[in-house]
Amino acid sequence: MKKVKHIQLENAQTVGELVSKMNECGVLGGGNIGKAAEIVTEMFADKDYTVFLTLAGALVPGGMRQIVRDLIDQDYVHAVVTTGANMVHDMVESIGYRHWIGTFLAEDTELMEQDIGRIGDIYIEQDAFKGLEEWIIKILEKIPEKVRENISTNELLYEIGKNISDPNSILATAAKKGVPIISPGMVDSIAGFHLWMYGQDKTLNLNPLRDTHKIVDIVYDAKKVGMIILGGGWPKHYALFANTFREGVDRAIQITMDRPEPGGLSGATLKEAISWGKVKPEGKEVTVICDATIAFPLIVAAALENVNKK
Amino acid sequence: MKKVKHIQLENAQTVGELVSKMNECGVLGGGNIGKAAEIVTEMFADKDYTVFLTLAGALVPGGMRQIVRDLIDQDYVHAVVTTGANMVHDMVESIGYRHWIGTFLAEDTELMEQDIGRIGDIYIEQDAFKGLEEWIIKILEKIPEKVRENISTNELLYEIGKNISDPNSILATAAKKGVPIISPGMVDSIAGFHLWMYGQDKTLNLNPLRDTHKIVDIVYDAKKVGMIILGGGWPKHYALFANTFREGVDRAIQITMDRPEPGGLSGATLKEAISWGKVKPEGKEVTVICDATIAFPLIVAAALENVNKK
Amino acid sequence: MKKVKHIQLENAQTVGELVSKMNECGVLGGGNIGKAAEIVTEMFADKDYTVFLTLAGALVPGGMRQIVRDLIDQDYVHAVVTTGANMVHDMVESIGYRHWIGTFLAEDTELMEQDIGRIGDIYIEQDAFKGLEEWIIKILEKIPEKVRENISTNELLYEIGKNISDPNSILATAAKKGVPIISPGMVDSIAGFHLWMYGQDKTLNLNPLRDTHKIVDIVYDAKKVGMIILGGGWPKHYALFANTFREGVDRAIQITMDRPEPGGLSGATLKEAISWGKVKPEGKEVTVICDATIAFPLIVAAALENVNKK
Amino acid sequence: MKKVKHIQLENAQTVGELVSKMNECGVLGGGNIGKAAEIVTEMFADKDYTVFLTLAGALVPGGMRQIVRDLIDQDYVHAVVTTGANMVHDMVESIGYRHWIGTFLAEDTELMEQDIGRIGDIYIEQDAFKGLEEWIIKILEKIPEKVRENISTNELLYEIGKNISDPNSILATAAKKGVPIISPGMVDSIAGFHLWMYGQDKTLNLNPLRDTHKIVDIVYDAKKVGMIILGGGWPKHYALFANTFREGVDRAIQITMDRPEPGGLSGATLKEAISWGKVKPEGKEVTVICDATIAFPLIVAAALENVNKK
């Protein structure tokens, strides 16, 4: 057995140094941050890895957009499985709207009267979604009707990404880099409802079974699979289950505030995933119980520092 | 202001009596259980209500199947929005497989070797899903190819429900009663992957935009809307957002172990939903922070007792 | 292995019937409620059991006062280990003040200006504590100076209990029944600060080591020990650790919203307690992750129904 | 309103730079980390501040010992209010025992047979506590009987600190620097039970009212008060309530995984503390929902970097 090594902040100037001390400490939440950074370093440093990033929760509204975009741009992430909402919020920023620092203690009736939607302590004006609707319709119009007859979310999000000029956009960067953005549950998002309205008059059939085809192809082609899971939800299950077609992922970390006890998949440990063949028995995995807006920047910064040092 | 009335167990023989004392007590978790039962009683007692039930998390595996089925059968629930997984587990029980009482402390590598999948402290043999695949293919074969060219999850789940003889099945009961089961994210479920495999050789295009059409129709037709939200996830968002087309629901309860602080929608309060127009400002709503397998039976039993007394 | 038996609300009229169905269901939170009721039934039905109740968190403010009082009065609980705060709130109710139903969304600066203290969604006027101070001084005056020179919290709370006429008081009922109320950390409570102020001019030395003597005596005298742990904190640790002098408790349940991951004792499982000799390896225990104002009335009502049926 | 500024990891090499970007981002958990570092920087940079640190939970076992010790040594922390357990674990390390990296998935019956106690994923051999008992008795013997007749925990812990030669000890460093360690609930700790056993034959009366005298004196003498609250429990309440004697603290941060909904003080917001006069209405405060072994090193490292830059 190894000793718990107490963290000393002297000589822990850089993020990588601090996280490395957490890893040596080795227990509780800090120990898990350390282990997660080690696992992500292994994924990022080894070119054989196909790295999946799954997004659920208020990540783009919560300030994680640039980090996701940079990981795609710098070839560290090779496929993104995401809730529709995170892409909706990438789109509205791409067309010029912003998220605002608000408060959890808001009076929601007043916000409604001011046409402001609240996400925790984040505000966004409803105008953003009206702007989104007009903009998304124009993009749909550019897509050939033949394609719209049977389109996956992945194909649709690629078309959208191609039409974004904002270099900070996740969708634009993914389109540029050829990184698939897969969102078979996108129908449940504000954009998803816009798609439905468009489909009232025009041809549009969304077929998420095509997304499954895409993700299984990626899985089949991968030498090794790494997965960074932010926040649970269906993106976690979908990406993990697709990997049962190759006997599980080799490396995985998940960052979540959900817990196992209520039984839902979002809070399930990655140990449980071994029973299903989603994670290899000999694989390395860790669950970090932490707000993703704290743990994700911390772990990624440390992993990048580690990779760049090598 | 009202006094906190201490709960006295004498004369709290029935579930309804106990929950009514929690309501009079009026504070913390017990107070919320009491208020939730009051709100659900109002939904169930008033024939003008269209009642939505949303399901996310291990509800069918966790023993809630019969309660859901009975609420549909007894005309208390008029539309169900559910993760695919909950319907998968309804199906496997319908064709004779069972869920088993296991333990959270399982050795998952051993379970994998024994072909057992774990959901918290619930076990299920992998054979169930092989059985499911064969069975579901037979049902798909019965559906005319023309229909399979562009089918909603709601239409598909109705076809499946019609083919189930188990009277305890949610899907069978819903089909019998004409209650729509809507699951636009069903592609992310084991059955969803079976659908993809079927579609490799045969015609099958799943189109969840048709589900949006269905749910919006229900919303438009409703005089009053009540909603019982179990466990967050996209079913919560999808069902609530559909109700922005009628300026929000009139009554809602949610039961969840998720919390607001990390910012994800699953843990968001129903107050936050007011800012988005999902819940009416003058509506009644309560969030119960509790394991659904505790709170749901408690609240429903109390509400039914109240309704039957009237 | 046993099947997960789906809960059916028909024939679940009484609380005991519903909880018994949760027990048969056997998984997740509902299953734990069922198991906890079974364990408490065993404690209550067997006269060989010395039953400890530990109280931490807003239990008296939260409406649990009468249940605790009744369990003492009806000889089901034989020793109480409690935070000072819960006894402070028993005292203020005993002298006529009340707790009020408020809201979590209060403007706290306004409450401060109105001399109202907030505990979650519970309000209490500051006058209550001024009244408490005057009242407690009068009781201290009645205690012989010789006794005040070296008094345990248990002795002090007994003196206080003897001076309360309110039959609904926990302290009064415990004094009447000879059930010890042990609160070695009572110095951290509003009454604890009143004691300090009294001790500025008068003789008063609180000696919690005398409480340890008391609790260890109870442990040594017990044939079997059962423990109901509400909410963690030092009462949980103190009561459990005292039982290492007899190789652990035989039966224990804990109800808490705390979790194991951060490492604190409040969220530690009762399995962890086995490693310390606090719970017997062959003992029966269960942790219920639930708001105590929901789970405690439910479990106690079910256990009493079971006991009365036998 | 300010925009949510997306975190960019480029130019976030040092911990202070990353945390400063979290502060600019300004929302959810990351935003709270940023705000907390800003508040702690204000406390540390202004010599008028008396800074309290409260400790509850597995902080010393969890690797936080050195950081606490260094903050005392470097004159940033002026009073510590702590559970007895954290000081017990400081003592056992001081006399040569270690904490070990274990696992949450341990078989606790086996650990018990091996005389190993478990704290989450941390192990410690029971020998450590036998060693502690012998050692603590020797120290008690050195204290004059007259003093032992009526001693505070603060006085006792000072005597213990003086007898520790390990320079990494919190107690030794606090004794050297004259920083009071206050632990009125120390009776609930393994050392507390050793004190009781000693008192069976010898004179020893612990009087925590003397601790209250000490803490109120510190409060009265302070120009400004800052407070860093780790993990809730009675240390949080005791330190905050003492500050009602000066109309509340000026700056406070708390790091906890507990939440407000169940009503216990550990999870209560610092906003709630305003209603009680524990925090000044015009004070600055933030609650960080995070594992302390992640957030505490992060916030302290960032604050020290900020202070050293000035």
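The first chain written gets the first letter, and so on, giving A, B, C and D; residue counts start at 1 in each chain.
The rule we apply is simple: contacts are C-beta pairs under 8 Å (C-beta built on N, C-alpha and C of every residue); 3 or more make two chains touch, one makes a residue touch a chain.
Given the structure is predicted, the values throughout are model-derived calculations rather than measurements.
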item	value
A-B or A-C, whichever has more C-beta pairs in contact	A-B
Same-interface partner of B-D, chosen from the options A-D, C-D or A-C, over half of the pairs matching	A-C
Fraction-based call for subunit C against subunit B, same above half, different below	same
Between subunit B and subunit C, centroid-to-centroid distance (C-alpha), Å	36
Length of the line joining the C-alpha centres of subunit A and subunit B, rounded to whole Å	26
Chain centre separation (subunit A, subunit C; CA means) in Å	44
Two or more partner chains touched - positions in subunit C	27-29, 58, 61-62, 105, 120-122, 257, 259, 261-263, 271, 289, 291-293
Category of the chain touch graph - line, ring, star, complete, other	complete
Residue ranges of subunit D touching subunit B (in the complex, touch as defined)	27-29, 105, 259, 261-263, 289
Subunit C contact footprint on subunit D (complex, rising order)	56-58, 61-62, 83, 85, 104, 106, 108-109, 111-112, 116-122, 150, 184-185, 187-188, 190, 192-193, 195-196, 199, 204-209, 211-213, 216, 231, 233-234, 237-238, 241-242, 257-268, 271-277, 281, 291-293
Subunit B to subunit C touching residues, read off their complex	1-10, 12-15, 18, 21-22, 25-31, 33, 58, 61-67, 70, 98-102, 105, 120-123, 168, 257, 271, 289-295, 297-298, 300-301, 304-305
